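In what comes next, chain A is part of two complexes: it sits with chain B in the first one and with chain C in the second one.
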Partner chain A sequence: MKNKIKISELLDNRYFNYYLPIILLFVLTLFFGVTTGGKFLQLQNLQMILNQALVVGIVATGAVLIYSSGNMNIAMGGSTAITCIIAVNVYLSTGSMLLMFLTSVVVGIAFMGMFCVLSEVFKLSIVVITVLFMTMLISLQEWIVGGKTLKVSYESLKGLQQMNVPILIFIIYFVICFILFECTKLGRTLKFIGENKDCARQTGIKESAAVTIAFLVSGLGVGLGAFSIIVRASSVGGSTAGGLNMEVVLAIVLAGTPMTGGNKSKIFSGIVGAVMVTMLNNGLLQLGVSSIYIQAIRGVFFVIMVMMSGKRPEVLPVKDMV
Partner chain B sequence: MEQEVLLTCKGITKDFGATRALDSVDFSVVKGKVCGLVGENGSGKSTLSSIIAGIYQPSGGEMEYMEKAWAPKNSLEAQDNGIGIILQEAGTIPMLTVAQNIFIGKEKLFQKHLVIDKKAMNQAADDVLQDIGAKHIQAGMMARMMNMQDLKVVEIAKAYNCDPRIFIVDETTNVLSHDGREILFRLIHKLAGMGKSVLIISHDIEELIEHCDMITILKDGKMVTTLEKPDFDAKKIKNLMVGREIKGDYYRGDMDPYSDEVLLEADNITTLREITNLSMQLHKGEILGIGGLSDCGMHTLGKTLYGEERLARGKVTLTQKNVVVTNAELAVKNGMAYISKDRDRESLALDAPIFQNIAVSGLEMNQHVKPFVSSKMEKQYVNEQVKGLDIRCRSEYQIVRTLSGGNKQKVAFGKWFAKGSDIFIMDCPTRGIDIGVKQEMYRLIYNMKKEGKSIILISEELPELIGMCDRILIMKNGSISREFMRSGDLSESEIIEYMI
Partner chain C sequence: MKKMISIILTAAICLLMFTGCSTTNPNSASNGTSASDGTSAADETSEAVNPSESDEPKAKEAEPCTVAIAVGTYNSQTLKAQKYFTEYLSKELNVNFVFSEELGGDVSKNLTFVENAYAVGAQGVIDWAMLSSDDVVPIAEKCEQLGLYFSTWLVGSLDSISHLDHVVGVTAGNDAVIKDMFAEMVNEVLSDGEKHNLVLATAGAHNGSVQQVRASVGILEAYRDMYGLTYSEDIEKLAMLDAVTEIETGVDDVKITIFPKFTGDELSNVLKNGEYDVVAVAANLYLRFESVIKEIEEVHNMDIKVITVTEISDTTYNSFNTLDPMGNPSLNAAFLTTSGKVTLTLALLLNGIYGDIDAILVDGKPATYNNQSWICYSPEEYEVINKVDTSEDTYIYNADEFKQMLKFYNEELTAESLMNYAQEYSSKESVFARRGLD
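The block that comes next holds the complex of A and B.
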């Protein structure tokens, strides 16, 4: 009983609550480090984990802004894939790396902007719009690419790969998102909308404006994520960014941002969650766990984190609060 | 005559973490009696009733119900054993019909093979509603389409349908309309007449004096005393509740005038619901009261003036700034503030800390260098309100949901005080808060008037309107039926005539 109280008090502590995902990440690292006899902690392995998590991390970092307002976007994978295809086609027709980069960014932002406009025009929830687009974009990807693969020559991307451009992109984008989310009005507004839309409106907050900015910023993430995929893989096919939709949701929630958004949303959820998911896969594989069980273990983690993020305090007032 | 005790609590203690909400409370529920439970916000009344109804388990002590040990694991167990409770918070499911809400968990009663006979369920619900005198509510109506007052009546019907031996009503009367209160009290006396027991928790002492056979007073989680009907005296009960003497008149005593300058004007407004061809003006430094029966349109008027309701005709104008108020964003930008009657749903983010709830109104103001919000300025912005309004909390990071009603209301006030708004629309600002906090609220409202702020005070309590307002507009059927100026001679009976 005594222990139970202590745990609940700890979970109520705002600092502990905020940094819990990072603590879990360290615990997970330590656990796999010990159980794999140090193999997991080898620099090469950790680098591989980070590289694998990077694209999900970039896209999910932008998505945190959307999720914090209690909205969802489950068409991020499809948007990223189509952005990749358009950008590669631009490169193949112009040969310009800069144009490919700019196209990625513009198309990514345009996708998210389009979701907001459609939501406003058709008076539909933005979540519904993204649900509709989730399947439409995947079909479009199949239709455009089919069984083919669009390739960018390794030679032209070699320089960017050696400069670790995807990591640089992530760092710059994370700093932008961190500033917007933690230091400006935007992040505070989005979190408050996630807490209570009616109260936010009555406090003079214009939800549609804040959510549109969140979508546009996340669109930048989609564009940068798409560019990073091209740099890393040098090619785009029918399965590019497949599964990214769910991986983004999984990452955000695993790292402690509630599905309902609000005050507990954390900007680092995207990257920490992405690393956590990759670590789980990598560590469990090294321990010889079958991939079927890995999916199940990921599911259990997901459920635990959703439960923890949805924890509510006891509701009745107590005497020293009067 | 010896009284038959139905339920006994002995030495009940309840701890929430490190805080003791109830401290060795002895309490009895007598058969066939209506018992009132009073105390300041956070005195432990709701905790005690929740323990009896199985919502919480006590940390110490024991209970006996119908001569057997009583330790319900949850509210369903309590309900199955004849203890029904209507809670302060909403207890209906919006996406279900009235009938489905009343018979939730009892659908099998209407099951024919694998299908629920909706017609039979609706008929049975209509019978229950008719039985309690709420014929105006349709069994097939969706709960989300109904107003807060009628939803509470549905909860009453649901609790009544469980045939409770002990019927607990936790601070419900303050959300009920005049008709709703009549339904509830008629039912309460009917149940008591049938030998059932009723436990009412309310801040309305006069109401309890009128309807209860005994009143138990709690303070700081401890039992103070239980008074029998012959010993009832409002002043004595109030003094026992707060542990100090409450001065008889806690409203303002002055007749200070207000300026002629008009700040807000509604010009012949008609909304899509309730308000018809209504015109009114609010002056600088004025406390303007709006009263009437709960469904007269006064709550809709408050929202309309703030731009929260769509207008079919007419306009609301901030005359000094020549701004037509069409939405809340515009209203806030031009110095208006609104505190909803439905505080928990509309005026607060319950699961966010006090800090976030107050700081949200100052995001523009607390920027040293745009667009960066200064944490230091923000902290000062919040702390000034926490201290100034004496919001009792562990820290400014305490979650608002865990605060008592009075302190929640202070947070809702604090958000707008900090911003320095000029026009306040307060819809039932003292609903569900105890007399101690009420006194503080009245003082605050009066101080605001002195500072030249203008206040629209919408209230269902006539003494509050008479005691606090410079001018009172009484509404009936969506229009203003009469205007009263502040006067020492104004009486409730004079006003009621224009309400009904």
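The block that comes next holds the complex of A and C.
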């Protein structure tokens, strides 16, 4: 009984709660490091894990802003895929890498802006709009690409890969999101809305303005994620970004941002969660666990984390949240 | 309390998920998915093992190595191959296999798998996921960068990756033979002297999939020769059309529609009027179309003859043994891809891993190795074919035969001898004779 109280106290501790995902990440790293005899901790392996996690990390970092407000966007995968397709087509028509990059960014932002506008026009919840678009965008992807592959010459992207451009993109984007989420009123507003929408509204907070900005910033993430996919895979096909939606949600929730948003949302959830999922795959595979079991283990992790993050605060938002 | 119940239920569901997993062979640590095959073949395999063989001294034993296999979709063919690799070849060759989860055709997922394979300590990667030569390039480049040998069952051109040192070669059906085989199937199935209208599902031919182009060309040529048709365009161009098109045949009562789509609904639209009584499918898509064809047959009380590419599986067995409303088999002719093709990718890769890549290069470059595909016309014949690859006695290549494709065991091996060996040993006649299936 005594122990139980201590654990619940620990779980309620603000700092423990905030840094728990990072602690978990270190524990996982240590666990796999020891069990694989140090193989897991080799620099090249850690670099590969980071590279694999980047696309999900970028898109999920932007998505944290949306999730923190209690909203959801389950059209992230479809938006990213279509952005990839448009950007590659621009590259194939112009041969300009810069134009491809700019197109990715503009289209990504445009998609998210469109969701917000449609939500306002049709007076529908933005979540409903993204649900509708999720299937539409997948169909659109299949329709445009079909069984074909849009290919950017591997040689022309090799330089960007060697310069670790996706990592640079992530760092810049993360800093932008960190500042917006942790150091400005926007972040606090979004968390407040996620914590208690009615209360936020009565406090005079303009929900739609804050959520629109969150969507636009996450649109930038979609564009940058799309560009990173192109750099990594040098091609776009019918199944590009197919599982991205799920991976983004998984990453965010695994790293402690509740699906209901609010005060517990953390900007680093996106990348920490993405790295955690990638580590699980990599580490378990190194331990000889079959891919099929890894999927199941990932699922169990997800369920546990959702349950842990499901607890809602029993008090109204406190002063420092506004 | 509610949370506790949810956790218990989740744990129970997870445990139940694993109940179907095989535990018959302790060596198959990486074989997580083979169990979902769920056929009785697993039992037959364990009974068929001859324990006395393992007591024999081995003349030569290779160092243990790890091979990673990227799988696009776990279908009957890949599951059978996985079982053959992990439960049979693994112990015979001292090779550990790491299979991926289903990767689809996503290049990013494939790259991630290659990187993880490297982390696991794999020396080579076999790709059974990517279907276009374009998609294979980044995968092959990644393998090159990590020093992993690479082989694939690529159906397109090898040119884009032939400069890479770690590409050991690719396997494919013999293009010239494929065309003739499809022409033969058309002639055999439509030998009644009547005129038949055709829907030709060209699958990925419009994207340049070589096998599907050759198959479609073979069918169109057979139709031309059978009915004296005059096409308005080059046959290869027709085979590569990317929209549903009724092509000009020059003969009023013979209609041909090119159908480069993949869904049953779209096929239903073409067939709904009951004008077409032959459907030919140039790729392994028949299962998607089967129910639609059956519906049209029932609605119009007609027999639609089906010529298709398919795999050796119980589903194909059922198709051959299911009668349509007119009392004919649902499937009239099947072009079967066998496990010989995927086995050959392993042989190529192991030659690379064992340091014998030079033996399998042609003029210093990786080559395309062909494998024989099979044709089947009747349920009786399929009954025999269905026994192939179900046990140690019926594998297309047993361990000794497989070793003949490795220079490590067969010092006489050259690229030419391997090509000839693969062609000969993967033929239906040869397999039937060697396995006593006649």
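The criterion applied here is as follows: the second predicted complex is superposed on the first by the 311 of 322 C-alpha atoms of A that agree within 3 Å, B and C clash if a C-alpha of one lies under 4 Å from a C-alpha of the other, contacts with A are read in each partner's own complex, and residues count from 1 in each chain.
Definition applied: contacts are C-beta pairs under 8 Å (C-beta built on N, C-alpha and C of every residue); 3 or more make two chains touch, one makes a residue touch a chain.
On a predicted model such as this, the values are computed, not experimentally measured, just so you know.
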First (chain B), second (chain C), both or neither touched by A:229: second
Touched partner set for A:154, first chain B, second chain C, both or neither: second
Partner chain in contact with A:48 - chain B first, chain C second, else both or neither: second
First, second, both or neither for A:266, with chain B first and chain C second: neither
Which superposed partner A:202 touches (first chain B, second chain C, both, neither): first
Which of chain B and chain C A:292 touches, first, second, both or neither: second
First, second, both or neither for A:14, with chain B first and chain C second: first
Chain A positions touched by chain B in one structure and by chain C in the second: none
In the complex, chain B residues that touch chain A: 16-21, 40-44, 46-47, 50, 56, 89, 220-221, 306, 308, 328-329, 331-333, 338, 340, 345-353, 356, 359-361, 363-364, 367, 371-373, 392-394, 397-399, 401-407, 415
In the complex, chain A residues that touch chain B: 5, 8-9, 14, 183-186, 188-189, 191-192, 195-196, 198-206, 262-263, 312-322
Residues of chain C that touch chain A when the two form their complex: 3, 6-7, 10-11, 14, 17-18, 29-33, 98-101, 104-109, 111-112, 115-116, 118-121, 132, 134-135, 137-138, 141, 203-204, 206-207, 242, 262
Footprint of chain C on chain A - complex, ascending: 39-40, 45, 48, 51-52, 55, 146-149, 151, 154, 158, 229, 232-235, 237-243, 278, 281-282, 285-286, 288, 290-296, 299-300, 303-304, 307
